Each structure stands twice: as C-alpha cells, then as structure tokens.
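Going by the order they are written in, the chains are A, B, C and D; count residues from 1 in each one.
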Amino acid sequence: AGADAQGIAKEDMVMVVSVINTTNPYMISNIEGAKALSAKLGIPLEIVNSNNSSQTGISNILAILASGKKPIMFVNTVASSDAPTIVDAVKRAGGYVSIWWNKPDGYKPQNVGDNFVAFQKIPGVESGRCGAQAIGEALGGKGNVVLLPGVQDSTTSQTRVAGFRAEIAEKYPDIKILDARPSNWDPQIAARNAQDLIVKYGSDINGVWSADDAMQIGAMQSFENAGLLDKVKFASDGLYPKTLEDIKSGRGNKAIVGETFHRGYMASAVGLYTAYLAATGEVKPSTLPPEKRESLFKLSCVKTDNYQDYLQYDSADAPAKFVDRLVQNGPWNTEPMPLVGGAPEVMPKS
Amino acid sequence: MSAVSHPPVLTLSGVGRTFGKVKAVDSISLTIQRGEVVGLVGENGAGKSTLLKILAGIEQPDTGTMEINGRKANFRGPYDAQRAGVGVVHQEQSLFTNLTVAENIGRQSRKTDILSRLGIQNWRRLNREAADVLGKIGVRLDPTARVGDLSFVDRQMVEIARAVCVDRATSQTPLIILDEPTAVLEEAEAAVLEREIRKLKEFASVIFVSHRLDEIMRICDRVIVMRSGRLVSDRKTADTSKQQLFDAMVENAAEARKGAKAASLDEAEPVLVVRGLTRHGHFRDVSFTARKGQVTALVGSNGSGSGEVARTIFGAERFDAGSIEIDGRPVSHWSIRRAVAAGLAYVPAERKTEGMIGGYSAARNIAIVHPGEGASGPFLRPGRMNEVAQGWFDRLDVRPNDIAKPLIQFSGGNQQKVVMAKWLNAAALKVLILDHPLRGLDVGAAQAVNAEIHRACDAGAAVILVPDTIEEALEMASEIVVLRDGEVSARHDLTQRSDLSLQTIVAEMV
Amino acid sequence: MSFAHGDTNLMPKHGPGHAGAARSALSARWKASGGLLLSLLVLVVAFSFLNPRFSSIENLQNVLYQASVPLIIVVGTTLVIQMGSIDLSVQGVMGASGMAWILLSPNTRLDLDMAGWSWVLALGLGLAIGLLTGLIYAKLKVPSFVVTLGTWYVGLGIAILLYGNSLLPSLTDEGLARWPITPTLGLPNAFWLAFATVVIGTLVVRYTYLGRGILAIGNNETIARSGGMAVDRIKIAAFTIAGGLSGLAGILATMQLGSGSPDIGSSQLFTVIPAAVIGGTALKGGEGGVLQSALGVMLLIILNNGLVLAGVDPNYQSGVFGAILLIAIVAVAWPDRSRLKVEK
Amino acid sequence: MTHRNATSPASATAALAASPGERPLDRLRRHASWHLLAPVCVFAAMLLAVSILNPSYLGPFGISIVTATAAPILLVALGQAMILNIGSIDLTNAAIGLLSSILIALTLSSLGVGSLLLVLFLVTVIGAVNGAVVAYAQVPSFALTLGTLGILQTAVLVISGANTIYVDENRELVTFFYEVQWLNVPLTFWLGVGVALFYWLLLRLTRVGQNMTAIGKNEIGAILSAVPNRRVKILAFAISGFTGGLAGIAILAQAGSASASGLGSALLLPGIAAALVGGTSISGGQTNPINVVFGALTVAFVPVAIQALRFSAEAQSLVYGIFIIVVVALTTARERGLIIR
C-alpha cells in the first residue's frame, strides 16, 4: 500500500485512538472525540492504552496493525521518540496516522510520505504566555512566582515554560521567578514540591504557574494547607473540570486567575479526521502546504471573566456537535480551534 | 523403670522410605521401651537420619506403621510429632540465628494463657522457662542472647535444651531423638551431654546417633545397627563389643593404611614455616613448621584458635603480624587465590556451607579448583571432566556412584570424599590443610579419608591437621602443636616419643 | 537478592562466659542504625548550613507530613522483606483503596457517602488484595516478586475501573480534607497516624508470634517448616497486613491530595524499598526492623526536601540523590569488609 | 556432619518433598523437565489462543511485531539473568540501555560505526564499575545499583539536553538491525538469540561461567575453592552493562530516535520478569539463557495478547496483572522443595 492508493474503502478501515493512559481527564476526552467521529463516519474504533509506557503503547499499536485492516490513527505519544516507530509501522500496514503533541523535531511528515499525514499540536509557547499574562495582571505586574513544569524532557512542558518565561521577561520586568521544580505531571509530586517551596520562600510567593492542571490541583492543596491559598494567584493549562469548579466557586479568594482551554476530544477528532481524509483520497498529504503537515491549532486563553464562553464545550453532546462541524468545515477550520500556523514552534529566548 | 505398666514408647513395623532408586529406609521394625537409651549406628548413608526424620514427622513413610505410646502415629508434619512428644536434635543445626535463645527453646511449647491465645509473646515467661530448662541441663547461657552471637557449641546446647523441652508439651513419655549431637563437640562438652542423657532416662526414652562407638558403648542400654536402610543388628550393649558393631555396620571395610612417619623431624624437609603469626583477637605469636610428607596437628579446645590459624594460612583471613614462608620464601599480599596457586589446599570444617557447592554436581565440584584434564585454558571439557570425576569416585568408593548427582544429595562421608578429591586433583599439592576432616564421618569413611591423607603425604605433601579428637592427632601426626587461648602452649615431636598420653595434652589445652 | 544462607557470619563469636563479645555483637547490630543516624545528622547539619529555613519548625512539620504516607507503607514493606520476600504491589493497592474510599466518602462524583463504611470497605479492599497476594505466594509458590508485580497491576486495574471515565472525584467534606494537616500537639495528624502505625508495627514484630514467625521464616524457612511453624499462614498474614497498610496509605494520600487518582501511589515503591534496605532490612530476610526502615524513610524524605531547599538544579537532583545514597551505603559497609563476607 | 545454621537444600528437600495432597499444578511443575519446557510451552499456548481468537496475529506481520517488541526486553533480560545467576541484581541495566541509545543517537552521525563500538565499550565499563563497587565495598547490589540508577538518570537527562535526539545521518547503521528481517524476525531479535546462545555456552562450557554459577549457588564455598569472586562479579556486571548497551542499539534501531523518557525507559521490570519467566532463579545459581528468549517473548506478548483479545482499555491493567501471575505460576522453576522467596 502507499501514497498512490485510490482511497481505501470504509469497510476496510479501522479507527484507532492511542492514549497515554485512561485516567487523565484529557486522555478520556481524547477517547470521547474518537468515539464521536467513529459514530459519525461509521467506522469501528479501537482504543490503545499505553499505560504510561512507550513499549506497551507501541506493541499494542503494532498488535492492532497486525489485524489486517487499514488503520486510521490518532496517536498521543508517550514520548517524542515513539513517533518514528509508530509511523513506520503504520506505513508498513498501509494506514494513515496523525501524531499529536510530541515527535522529534527533525522527523517530518513531509520526509516520510503520505502515511504520516500530519503532526499536530496546540502551541505550548502560547499556553505559557497566557498563564504569564494572567498572573502578571493579577499581581499588578509585581511579585514573585514559582513554576511547576511537567516531565523534564517533554517538549510540551518545555515550550510552555519557555513561553511563560519569555512573556514575563518581555512584559513584566518586576515579576521575579523564584524557582522551578519539575513535577512530572503528577499532582502528588507537585504538592510535595509546593510544600518544600512554601518552606523555602514562605509568604514571598505571590503566584504559582503549573504546566498543567493536574499539578495545579496538587499545588493548590498545599497552599491551602499552609493557609496561603487566599494570598496566592494560580495559572495553568487545561481547564480541567475540577479547575472549572474552583473558578466558579471562587476558591481561595479567586485564586485561579488564568487558564488555557483545549479539549482532548477536539484534538483526537481533528487528528483522526485528517487521517481519514488522506485515507479516502480526498486529501493528498504530499500536496498540502507545510503548515498543514506540521500544524499549530488555536489555543484559547481563559480568564475568570470569560470562562462562561467555554462551558458549552463541556456539555454531554459537545463532542458530537464538534464532530458535525468538523466534517462540515474540514480539519483546519473548525472553531474553537482553527489552524493558526505551522510547526515547529519557535522557542522564544527569555 | 520397667515397661510393665506402660505400652512401649515407640513401635515401628515395616517402616520404609524410598528416594527415587535409593531405599533409604527399608522395612524397619523396632520397639523402644520407656526409659531406654537406644544407640543407633551405621555407615554414612545407612539411613539413620531418614529414619529419625520419619519419627520427627519431617518425612512420611511409604510403607509400614508407627505407634507412639501405644497410639497410632500418622504424622502429617513436624508439628504433629511434637505434640505426640517427639523432640529432636537434628544432625544439621536448626536454630534461628536471628532470634533469642529462649525463643528457640520455647518456640514449640505453645501455651494456653490468654496472651498467647491472642498471639502475643510473653517474654518474661518465655525467658524464665528457658532459664529453667537450661539450668536443668546445666548450661549457663543467657536466654535473651541472640543465637547468632553464640559459639557453635553453645548453639548445640540450645538445640538439646529445645529437644528436652518437649516433655512439657505432653503428658506422655517423650521420645528424644539426638542425631549425632556430639559430632561437633569436644570431649569436655560431650561429657556434659552424656550426663544430660542419663538424666533424660528418668522421664524419657532416647534415640542416640553417633559415629563414636566408645560413646555409644558408654551411654546406651541397647544398640541397633543400620546398613543400607535395613536394621541388621539389635543387641543389649552389655552383650556386644565395639568390634561386633563395627563388623555389623561396615559392608566392605576399607583397608586401614598407615603413613610412614619420618624417623626424625629434621629429616623431613620444611615446606611451610609459620613464624609469630598473629591475628588480633584470635591468636598470637603462633609458630610451627609443616614438613614434606608429615602431618602437623594443631590441637586445642573449642575457641583455642586452631581453626583460625588454619584458615589464615590458607589466606581466608588476614593476619596482623608474623610471616608465612613457603619453600623458604615469605609470602606477601596473601590471599586464597595466591595460596592455591602456591599449592595449598584447604578442607574446611563447615563442609556444606564452605567446603562445597551443594547445588552443583559432584563432577563440577571436583572440577572447580583444579580441573586438570577437565579443562583446557578457559574452556571446560565436559567429557573429560566426567572422566576425571569418575576416576575419583572409583578410587574413593563414593556411594552412590553417580557423578552427575548434586553433591548436596550425598551423605556426609561421601561428600567429604568428593571435597578431598577436589583438592587432591591438583597437579602439585604442596600443603594440605584439614580442619576437622572426619567430622560426622563413619568409621569406614574416616578410614578412607585418612588413607587419602597418607597418600597425599606419600606424594610429598605437607599436611596441617586440625583434628576432631586427640587420638586422631596421636595416630596421624608426627608433630603436635597445642594451642590454648590463641597461643601455643606446648609442642610434641612424635617421631621422638611414643609415650605421649592423652591426659598430658588435655592438661596443656586447658 | 535473597538467599539460602541464613547467616553469612560463619565464625563462632564467643563461648560461654564471653560477656564482652556479646556486647560487641549487639553493638554490631546497632552499628547499621548508628551509621544511618549519623548520615541523617550530617545531612541535617549540611542542609541547615545551606539554607537556615531547613531547620525551622515549619519544615519539620512539612517533612513529617510528607513522610507520613511512606512511613505507613514501609511498615508493611519491612514485614514482608524481613520474611525474605518482596512487595511491589504498593502503588496498585494504594490506587484501589484510595479510589474506593473517596468514591464512598462525600465527593464531587458519587453521592454515596457511607461515612465509616467507606473506611471499612476501602481498607477491606487493601486487605483483600494483600490476602490474594499471600495466598498465591504461599499456596501456589509463585515468587513474591512476580505475584506482587501482578497484584500491582490488578490493584491499578481495579482503581481504573472504579475511576471509570468521568470526572476526577474530589473531597467535598472540609473536615476530612483538612484532617491530615490539622496539627495535634504541634505535629500534623497524618504524622501521628504514621507514628502510631510504626509503633504498632514495632510492637507486632517484637511481641507477637506473627512478628517472631516472620523473622524466623526470613532467617530460615526450611527450619521454620520442619519446626512445625505455620509458615503459609504467617506468609499470608504478612502480605495481608502489608496490603492493609498500603490501603491505609492510599486513603491518607487521597485525603492529603483532596482528590482521588488511580496513580495516587506512584513513586512510593521507590521510596519505601530503598528506605527499608538503607535501614538495614537486608533483602535476604531475617534482619532489620520497622524502626530502622522508618529512619530510612526519614533519610530519603529529608534528602529530597533538603535538595529542594538547597536549590539543587532539578536536572541534577536524581544524580545528587543517587550519589549521596551510594556514598552512604559504601561508607557504612566499608569498615566491615572481609574476605569471606557475602553480600548479595 | 553438622554445620552452623544449616539451610541445606537436602533438608529442605526432606522437609518439603512429596506432600500427600499435592496439587496438579505442583505435580506438573515438579515434573523433571518442566522447567526447561515450560517457557516454550506457555508461549506457544498463548500464541495458539490468540491465533484462534484473532487469526491475523499468527501471520508474518504478527511475528515480526512480537519479536521486535521482545528484542530490547530480551537483551535487558539476558544481562539481568547473568546477574541474577551470581545472586545479585542490577537495577541499572535498563537505564544503561537508555543511556547507550542516547549516546549512539548523539554520536552516530559523526562517528559512524565507531560510535557503536565506543558506546558499547563505555557502557561495559559502567557495568564493570558497578561490579567493582559491589565486589570491593561488599555492599548489597540492590542498594548500590539503586544509587547508580539515580546518577544514570541524571546523566541521561543532561546528555540528551532533555530533548529527543533524532538520528539523521548514518541512520541506516542502526535501523538496519530493525528493518532487515530473516524469517519475518528483525535482526534485533536475532541479535538477542545470538547473545543468548553465547551466554549459554559461556555458562556451560567455560571455567568463568562455571564460577559464576558457583558463586550464585554458594558464594563462600566458591571463595574457599579459590574462585576469583571479585573478578567474576565485575565480569558479570560488565556483561550486564554490555548487554544493556546492545538493548540500547535495539531500542534505537526500532525508534530511530532516543529520549530520556522514551522507548526503553520502562524496561527494568519487564526485563526481570522475562528472566524469571525464563526459569532464572531470583535467588541465584540457576539460569538458562536460551529459555530467557522465551521468557522475553512471553512478557512482550502479554500486552499484545490482551489487546488482541479485545479487552477494554480500562480493563487492561487488571488483565495484565492476572496474566503475569498465571504465566509465571506456570513457568517458574521449582526444583523439589525449593524455597520460594
């Protein structure tokens, strides 16, 4: 099989969504999106659970490839270095894959061929900048913040941190970054690091930025335990349901001042639909412009005053509605996450 | 003390146990009365331990029935045996080295007060009772001491105390089984044990296993002899003699072989000279010379340091002062590897843990130090290796004649033969160091091992012997070095005097 | 890792009446803990020097609060290791119990507040997984390393199934959520819970047949069996206790975090096993003790906390951690080297 | 004869042999040759079950997938088996694999084949250093390698600059191992098979191999038989490091890129499990590298089988746990009366 295929018949297709685990809300949402699209297009769906291990993820994907059907695939990679292996296997199986979030920078769909339809992500730098603005404004441009990045060698975390640092350096010269303790995307480790930071800096800390909401949840608990939740401002990425609740309830004197919005179901639906279009031959990847092969999608910044605008995307039928619009408008033009540019992201100097 | 009003303590009829092809115990029938002390003797591998393990509930018999105190005994495990009143001192020490003396003694006697019903250990009572038992057998030991910190002999005493303890667990006449308890004891300690066994007679029956026939003759009322799993003789001690027992035990007695002692020590060339050897806290200023073709015995009571000296010469321990010279050259950076390269060999007292690789076949055990033909350069030649092993098996009459069997499955005497073979396979053996080489060996096996020692002497090796008994030293050695508290207290040149008495040496030891 | 030789010290140490030798043997056994206390002291002094806040009361509370979960787990871990086995299932059991507990307590997900029963059921789940582990280990004779690797995933699987695929449950009851951090006599409740567990664990080892049986099995299982000890029952009991304690730790961790997560116990295993080993609970079994393991936990937590307070670059944190660990282990073992010493 | 605190296998045997109410599983496991056949049988049974329920898996593609996944596990497991055989454990060999994949990825473009040789040499030295500390400082290998593991993790992170290193130039030097297949099995796996065969010969037919097993069975006995125990331990750990390095090559061959948290970062436990399923005793003195091949295949196949049997994503952990227990219950080596830790 390969790029010159006239298009694969629907009956021969199997849709595959590969997630890092099934316990993170974002991953669960990935699966929701895939289910919605699967229902919409009438293609059976297989779910791959990597269980936080590259090895498990890859072998499970390979196992599905062995079943003989032509896979239409969305992969949320455990680590960047998984991408080449997976793409390679999909290529051999004659399927089409979109990779989300992580891949090695030098590894490009354009060089691999049509089976690697696209690499897609939501810009991390933007996310970091959003958080920095929220905290900067909430602190009136002055104060001290601590950072809780995710896994150290994750590009996603690195770009978010770079964005945050750059925005602070450029716009808020009076805000000082006291410390940064990578917390592995893990709420407990974040809670522990936050406690240690509280001991180290005490009430000098005015703001806390986390690379995702899981860690923010842990951090907020520590600050609450220390009786400091009222005095500190938080910003992070993801707008998890728990975060949304905290914003609504104004927990800790409106502690959460900024969030970014993106939903897993949107990512998986966009990724799968792109791959589907390539599989049916409606889109020929090799003819696409670079920004559609390595794509950045729009990220929304959420503040306490506009969070209501986003509640609609969490209703029970939101994935189905999104998929409807997606099929209508195509993968690059669906609100709230249209294509905004081409990857790779440029890391700002801070 | 007659059995009139009591049923026999033990009645066996047709009891048997087979391991694979080996009939370890072959249809044994036997009766033991209340208050009797029965000696059990037999060659290594005759099946004594297996029979006793059946009595202790550790092995289940394939055939036959057992009755204890008139009641049918069908032990599913050791716990059943204990409840029926069988107390055992196993041939292998079986204590928990990380627990205290009291715990090891009182472990089995689960009492019924409230605390213990709740699974709570009553330390005070445990210690008190252990102290009682220890007092009863005349041993001064702290019940709260950790067994791992005790000397080997003290541990043996703890074993005995534990076996004696069964009488508390039952109203029946207890049966106390002692499987070679004296093999590792020095004379004085063995005497304590003898006294204790006499006391046991008052309330218990005893089965006593030993390879020391004198001891058997002294202690026991009756002696039974096992050979190849069968009971071949059962007589009152009064009606038998050592020679008769010996004849009953041994199938084909190895020819006793004597080495030639030199006419005078000066005549024999010195091979290894020890000068002022000192290891702080263990021994001080030990000097002696091991000579070509001669046996030098290091004797001393437990803890005198004789074993330590032997180990140190072999490079297994460091020494702090003094020198070891081999062929006139002092050694430096001494280690086991260097010692072996210089032609030394060492048979440790702890055969199973130190002398051999139990899980390995006999053939591989022989090939491990000096593979000889069994290897060329770094490579093994399994075929040749087996030939070499087979050669030794035939020469030493190792039984069973199966070089591929894991060594641990052989009986002690046969294991010791293989351990000897391992060292004797050296191309040029210069010094053979033997620490208690006859420990636990039957008369026949002991003769075979002694014959090999003499052969090594004939081949020009110097032998350093740490013997089990002084008699052994008197018989084998041309020089005896007596150690006391880590220091040389006397030395005797046996080439010059033959009238040296046992008592003299004992006096120098203590 | 674990071996047939019950006692590697093959020399007889002293005869009757050598009282001095007895004392020196005793002190040898305490030397390991002494070395540990010394290392702890060195760390505390060094870290206080690097950052004075390190030795503040606030940090003491912080460290004790952080240590409480691993302290609870390490009691079970120690029992199991003393028996010569190993328990890897910690994370799974914590996840299952923690998740069960929060779903049955007042939370944002399920309106199923069962008050006291949530504790009973959640702890029961931990005990049940431990019991299962013990049964498979003792009766089917599967190496504990593998059984517990299996029950790790079984526990995790239960947690994931309980979690389903909806909202992250968080505690709604303020009282429960604040209980662990609320101080009693100046120290957080979470620590007191851990403290009680450690004390009870120590007492169990010292004063019960179970505890002594665990030590006996760890020393020499063959003898334990031939001595008529109920080896299987003790093994099962030890794993059940370990399961229950992991369950308790899962509940406490969930309470501390304020929300449930199947991964609540991630990375705990790599605190508690090293802690027990550093504390001198040799993996071959029969040695060490709950208190020493607890010291080991304190060492690791303080090391981690100190590195953050001292501002060590996060990139180098695990390296510095490993190096300090390595130096400590070698330094403690160095004086005891001898030709015939065996360490697995 | 007597010895201090005897744990003699003989008395263990005596104590535990032939209990009357023996379960069928025990009987099966006690069958003389079972521990040799079990790993093969269990793997074959799993393969059969899956191919009946989902036939496409037995095809050439399925075989290449399983063997490709098994290759790095196999290499790590072989190193671990050699260490378990001497009675120690090496917690670093998977991390060494990761380190070597990163180092090779970094240097392949400039050094070519030299990079492979250089890195293999380096990781062998790292392994040897582990062994030297274990041997000379006489510390428990578990604790020591835990410390080295921390250091290696930092090394991996710092050397990779916390980035994914994608191999551009000279890529074919490593990917060749993955892409070239013989009988639908990639070279990475054949490499593992070759190494297994080599280690098998080493253990069975050389003095040093015999010494390794002797140390695992009874270290004091071995020392007193003049076995150069320190040298042997250093060698065993060096072998483990070297094999870890080969695993690094296998990882890189498959992934074409390397990173600190990528493929190979979670190989430690599967490696140990594969060694155990392959009949290696966790208490030392017993291993058969050839059987470890089947151990690795089994361990690699379990998740694939679970996926193939279409368990829901949420149930996979649970099923995985049960699978592991069942598979090992069937395959663990159990000589009569062996004490199970």
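Quick note on the criterion: contacts are C-beta pairs under 8 Å (C-beta built on N, C-alpha and C of every residue); 3 or more make two chains touch, one makes a residue touch a chain.
The shown structure was predicted, so the numbers you read here are calculated from the model rather than taken from an experiment.
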> Which chain's centre, taken as the mean of its Cα atoms, is farthest from the centre of chain A?
Replying inline: B
> Among the chains in this structure, which pair is joined by the largest number of C-beta pairs in contact?
Replying inline: C-D
> How big is the gap, in whole Å, between where the Cα atoms of chain B centre and where those of chain C centre?
Replying inline: 42
> Whole-Å distance, chain C centre to chain D centre, using C-alpha means?
Replying inline: 27
>> Rounded to a whole Å, what is the gap between the Cα centroids of chain A and chain D?
In response: 35
>> Please tell me the distance, in whole Å, between the geometric centres of chain A and chain B computed from their C-alpha atoms.
In response: 72
>> Two or more other chains touching the same residue: where does that happen in chain A?
In response: 22, 31, 152
> chain D: which residues touch two or more other chains?
Replying inline: 4-5, 8-9, 11, 14-15, 157, 162, 218, 220, 223-224, 314, 316-317, 320
> On chain C, where are the residues touching two or more other chains?
Replying inline: 5-7, 10, 12, 160, 165, 220, 222-223, 225-226, 315, 338-340
>> Once the touch criterion is applied, which pairs of chains come out as touching?
In response: A-C, A-D, B-C, B-D, C-D
>> Residue numbers of chain C touching chain B in their complex, please.
In response: 5-7, 9-10, 12-18, 21-22, 25-26, 29, 206-212, 215-216, 218-220, 222-229, 286-287, 338-340
> Across the complex, what residues on chain A touch chain D?
Replying inline: 19, 22, 31, 47-49, 51-56, 58-60, 62-68, 78-85, 88-89, 92-93, 102-107, 151-155, 158
>> Under the stated contact criterion, what part of chain B meets chain D in this complex?
In response: 50, 53, 58-60, 76, 78, 90-95, 97, 148, 152, 155-156, 180, 183-184, 314, 316, 336-337, 339-340, 346, 348, 350-360, 364, 367-369, 371, 375, 378-380, 382, 406, 408-409, 412, 415-416, 422, 439-441
>> Touching residues of chain A toward chain C in the complex: what are they?
In response: 22-23, 25, 28, 31, 152, 179-182, 186-189, 191-193, 195-200, 202, 217-218, 221, 224-225, 240-242, 245
> Can you list the residues on chain B that touch chain C in the complex?
Replying inline: 56-58, 77-82, 90, 94-99, 103, 107-108, 116, 119-121, 123, 139-142, 145-146, 148-154, 302-303, 315-318, 335-336, 350, 353-354
